[in-house]
Amino acid sequence: MKKGYFGQWGGAFIPEVLYATFAQLNTEYEKARADAAFWQEYVELMGNYSCRPTPLTYAENLSNHFGGARIYIKREDLNHTGAHKANNVMGQGLLVKRMGKKRVIAETGAGQHGVATATMAARFGFDCTVYMGEEDVARQRPNVFWMEKLGATVVPVTSGSRTLKDAMNEAFRDWVSSMDDTHYVIGTVCGPHPFPEMVAWFQSIIGIEAHKQILQQFGRLPSRVYACVGGGSNAMGIFQGFLDTPEVELVGVEAGGEGIDTDRHASRMTGDRASAGVAQGYKTMFLQNPEGQMLDTHSIAAGLDYVGVSPILADLGEQGRVRFEAATDKEVVDALALSMRKEGLIPALESSHGFVQAFKEAPTMAGDEAIIINMSGRGDKDIFTVAHAFDDPSWKKFIVDRGNEYSK
Amino acid sequence: MKKGYFGQWGGAFIPEVLYATFAQLNTEYEKARADAAFWQEYVELMGNYSCRPTPLTYAENLSNHFGGARIYIKREDLNHTGAHKANNVMGQGLLVKRMGKKRVIAETGAGQHGVATATMAARFGFDCTVYMGEEDVARQRPNVFWMEKLGATVVPVTSGSRTLKDAMNEAFRDWVSSMDDTHYVIGTVCGPHPFPEMVAWFQSIIGIEAHKQILQQFGRLPSRVYACVGGGSNAMGIFQGFLDTPEVELVGVEAGGEGIDTDRHASRMTGDRASAGVAQGYKTMFLQNPEGQMLDTHSIAAGLDYVGVSPILADLGEQGRVRFEAATDKEVVDALALSMRKEGLIPALESSHGFVQAFKEAPTMAGDEAIIINMSGRGDKDIFTVAHAFDDPSWKKFIVDRGNEYSK
Amino acid sequence: MVRKSMELQTELQQRLKKKNILLMTHLVLGYPSLDTNKEVIEQMALNGVDCIELQIPFSEPIADGPVILKANQQSLEAGITVEQCFAFAAEMAAKYPDVCFLFMTYYNIVFKYGEAAFLRRTRDVGLVGTIIPDLPPEEGEQYFALSKELELAPITFFTPTSTAERMTEVAQQGEGFVYCVARRGVTGKQTAIDESLDSYLEQCRQATGLPLAVGFGISNRDDIAMLTGKADMAVIGTATIRLVDEQGAAAVGPFIAELAGAA
Amino acid sequence: MVRKSMELQTELQQRLKKKNILLMTHLVLGYPSLDTNKEVIEQMALNGVDCIELQIPFSEPIADGPVILKANQQSLEAGITVEQCFAFAAEMAAKYPDVCFLFMTYYNIVFKYGEAAFLRRTRDVGLVGTIIPDLPPEEGEQYFALSKELELAPITFFTPTSTAERMTEVAQQGEGFVYCVARRGVTGKQTAIDESLDSYLEQCRQATGLPLAVGFGISNRDDIAMLTGKADMAVIGTATIRLVDEQGAAAVGPFIAELAGAA
């Protein structure tokens, strides 16, 4: 197969000006990948700076509640900065250090990857610029605040739909000017080769741990593994621990938004609004019109609100190795509420998509089966969105009062 | 020494109606303490549900910045729910299960302990009521929101200064009616015996880990260990790892507020506004007037804004084993800003007090010395306070806009 | 006439020869004002109250419910001092020699004043004892001893959660009477006067020869009628404070008279 | 007159016998409207432009700067379709046979249309080549081959980050001319015409026998004067869009005339 391709998906559709940059990146990445010491350094960094291995928590209450399979939850929410995004950025940070670059740029939707990148940059002493759709800047002010305090420059992107994909385009525009000293830290398993493969590699730490942990705790492999799929990095992360064991079914859950039969969702592998295309440097299933113009997407979870999907997942989906499902905004809020009450866990809205599907299927499974849900991040930083979704009157009053205080 | 006393401090000044409850609690606590399996169960729970052991992160950038001692940071922020408070509540949760009680109550100031308790209650399947000063309810709405969603009832306390101590009084008032099926989960190393000793025991997991980790990473003991002191639980937690090694100096940092020479602070062991007293069931240094009426306290960090202090720390202070210092609100904000930029860490405002003092002293120490700062919690849930403290105009605008949207 | 501690028990037992049940009332000093306190006490004294608890306000009254809590706070906000409380108590004790006055407060007030100084002053101003709900005998060894030395009654508590063993232990430490808390909880909530209360009071009786004062939620004629024969003294706490709040000090006289009538 | 691919190179080399430097201009189809495009093209054609890039709008034009980006978006918002672009291109190619028209777009437009269908149609409507900035030769093997088969010039790029080796490699894949990106970055920013540009262009020259078109930030007479003798064609992109935005289509003629004068 052609390098950087996964079945018919992937590639590196990059402007010529980035050719040398990608050549260097490929070389360094391959060197790092071949170097056991690099992975060792990465694992140690994640152990010392984040808190890997993250636990695999047995959700006894949820298991009993549904009365089917035993539910285990992989706790990526306990990472430093609150999500699996930390794995990727710290890994790329090590690579940037190797490449001798001094500046990183990133795109961000919800702000999670932006905060993670700003954090990594602070830790490694890099300059940092984060591109963020103007609409997301407005919606996700707390993350903008932290990025700035972490020393990053946040640039609101006013083009296109002013959300994640536009931020990604803008980051590319920065990169084609600045590649000499700058690395573009793509936040998910998308983009031109080697990004999908490289990000999947860093995220594989999730699956490596989870595989070991489920054997220790449950004694056998799980029947199914669930993960939400935005770009697909957390899903690829955990799936890689079970790809070689075909008896483990892998389930990716996309953003069903207001329903995949509406035009307000972000499901690329489910529903019929997506088709093969090439954008943002790679070939995958995109939500686009028949002429190839990208569509507006929607999800309650900003991190899933993206037109494309990992080429690796597009391939695994095509092969039938990964089954794709979609969860609606409403189902997501319900699953979040249940997880809070039953287990004291606050999954991010993104992660809650995985919970939805697991909750649908667990009751139909046998009590001696186990499933794993990847809790990709914590939801407490989604307070503005979640409280809004719950339509919480005290929250609204709180915000109104604060607002009045500030506008005095 | 009398049971429950530490030097002249401590005791159990409880209404007679709680006598039997405390008798049961003491018995169960002592049984648990004598039972190695209980501690084992506790450590496993914290490993599986939270992410213990939490890392000890070497802060290379800060160390270089100050050019003195090597700075290590104990990462309690990586606990589930974001602070060391998790250790205490999960420990007490196990005890509640042993006692066969079905309901827990708690006081909370910032909401951190309330969220932790609500989380524990959800996980253990207990009913949960959290008392919170009306003023704190207003200031800390996000935490109230999460507590409610976790299934807890949050009761705003309208008496007294409507802050932490009043919430504690109110929790006692609940308890004297409900003790048959209810356990009061005190949030810090204060209150009547056995709480100080018991909470210190659960929190000792921090120090046990840190001791081991610093030997592994640095090869020797640290010269000094810094921790912020509200009630004193995170400080006692880490200090216990080094109490028996007198060459390690222990430094507790209190809330200096607007200055310990003003009447806007919460320093009990530094400054001259505190004196010995008995309230909330125990004897310690309280911020009170000469007739014994408690004073209003102030700190930018809600979790340090408390009139009393652990009797164990009062004793260790008196003995000279722990040195006490105070950090002002302003110093705290500066230390927080520096930690973010240099290390990508966002310590809670409480924890940042420890950072202040460490930053003052590190440059005066030798390069072959190490110090540990206990980062008791993460600051991202302090967004409302921190953004306010930084007087961030975009944040204000964001809140005003949101408020306007909601008041439409 | 200064009563001595042994005399409080004797005094109460004397009175019980003439009455079926005694009455103890309570007020928070300085709430709503010392002047009102004065009027209230007069009404109480004139209508046959046997004992009065004078509560010295404390900022953290953990055993009290919302009404008394609020009274403590407002009194403090108005600037009440411990010194004023002593002076006021002295005046009342002198003016109403037939009433047995006790201080009720929390231990920190005593502790800051100094146990010995506090107790001496208490005795000197003519009070007969003290009620400190957050000072269990275990913590109050010295305080209890000194009280007795000064012939002040250190009041102890029985509660529905107390075992027989604990009651015996506690009663041995106390003098004057035992304050039998009628139910779980703080002051101010109604207590069901029912069979379980009866058996609780029987248990209390078995544990001590001291008179039994029953408090927490006693608020009307019926309550008192029901207690008669089972307890020695009914304690009216929150009810009078509510009454004064709602109808003023003048309403206290008729209220007490009615209760005394039931006794 | 339909030009064939080998003819584009020949054609340009022919023209270079009469001119010191050729001119290529650019516009975004449908921005601000196809009617305005028409006027602009007329002005360009009448004033001696050699080549015109017709950009088919795409929602994600990552290689373009803010001006062209905005033009892409507004054109799409106004409802432009690929079909309209073909029809328009056909009309222009027929009307101005002396101008060499090329499509410029992003690969997804081609991909969705189908490579073969897109290229056939492109040839049929009379264009001479295509410029696809996000289709490097490695990804475009089939596309490049089919282009050549259809005698359409697949334009390739040199950039200041290209090594000599890479230039040779890329040039071998391309036809017609090589688009030499004058600097790092996206379209629309001024490029310093300096010595480093000179040595870059020398390097470009060494790597290929194809004519060299220099673009990115070329906007005035001086730029063109400086390029003359070093490059074969100057590419005016964003500058005309800005001009039309600010002064309308009628300003394009004099602007081009002035540039052509410098050439």
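All chains are identified by letter, namely A, B, C and D, in their written order; residue positions are counted from 1 within each chain.
Everything below uses one rule, namely that a contact is a pair of C-beta atoms (placed from the backbone, for glycine too) under 8 Å apart; a residue touches a chain by one contact, two chains touch by 3 or more.
Note that this is a predicted model, so its numbers are computed, not measured.
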- State, to the nearest whole Å, the distance from the C-alpha centre of subunit C to the C-alpha centre of subunit D. 98
- State, to the nearest whole Å, the distance from the C-alpha centre of subunit B to the C-alpha centre of subunit C. 38
- Note on the structure: When centres are defined as mean Cα positions, the distance from subunit B to subunit D in whole Å is 66
- Provide the list of subunit A residues touching at least two other chains, using ranges where the numbers run on. none
- Item | In subunit D, residues with contacts to at least two other chains | none
- Message: So with touch defined the way it is at the top, what topology do the chains form here? Options are line, ring, star, complete, other.
- Response: line
- Message: How do the chains pair up in terms of touching? List each pair.
- Response: A-B, A-D, B-C
- In the complex with subunit B, residue positions of subunit C that touch it: 58-66, 69-70, 73, 76, 81-82, 106-109, 111-113, 133-136, 138-139, 156-163, 166, 170, 181, 184-186
- Using the touch rule from the top, collect the residues of subunit B that touch subunit C in their complex. 11-21, 159-160, 165, 169, 172-173, 176-180, 275-281, 283, 286, 288, 290-294
- Message: Can you tell me which positions in subunit B touch subunit A when the two form their complex?
- Response: 47-51, 54-58, 61, 75, 78-80, 82, 118-123, 125, 138, 141-142, 144-146, 149-151, 337, 340-344, 346, 380-381, 383-384, 386-387, 390, 392, 394-404, 406-407
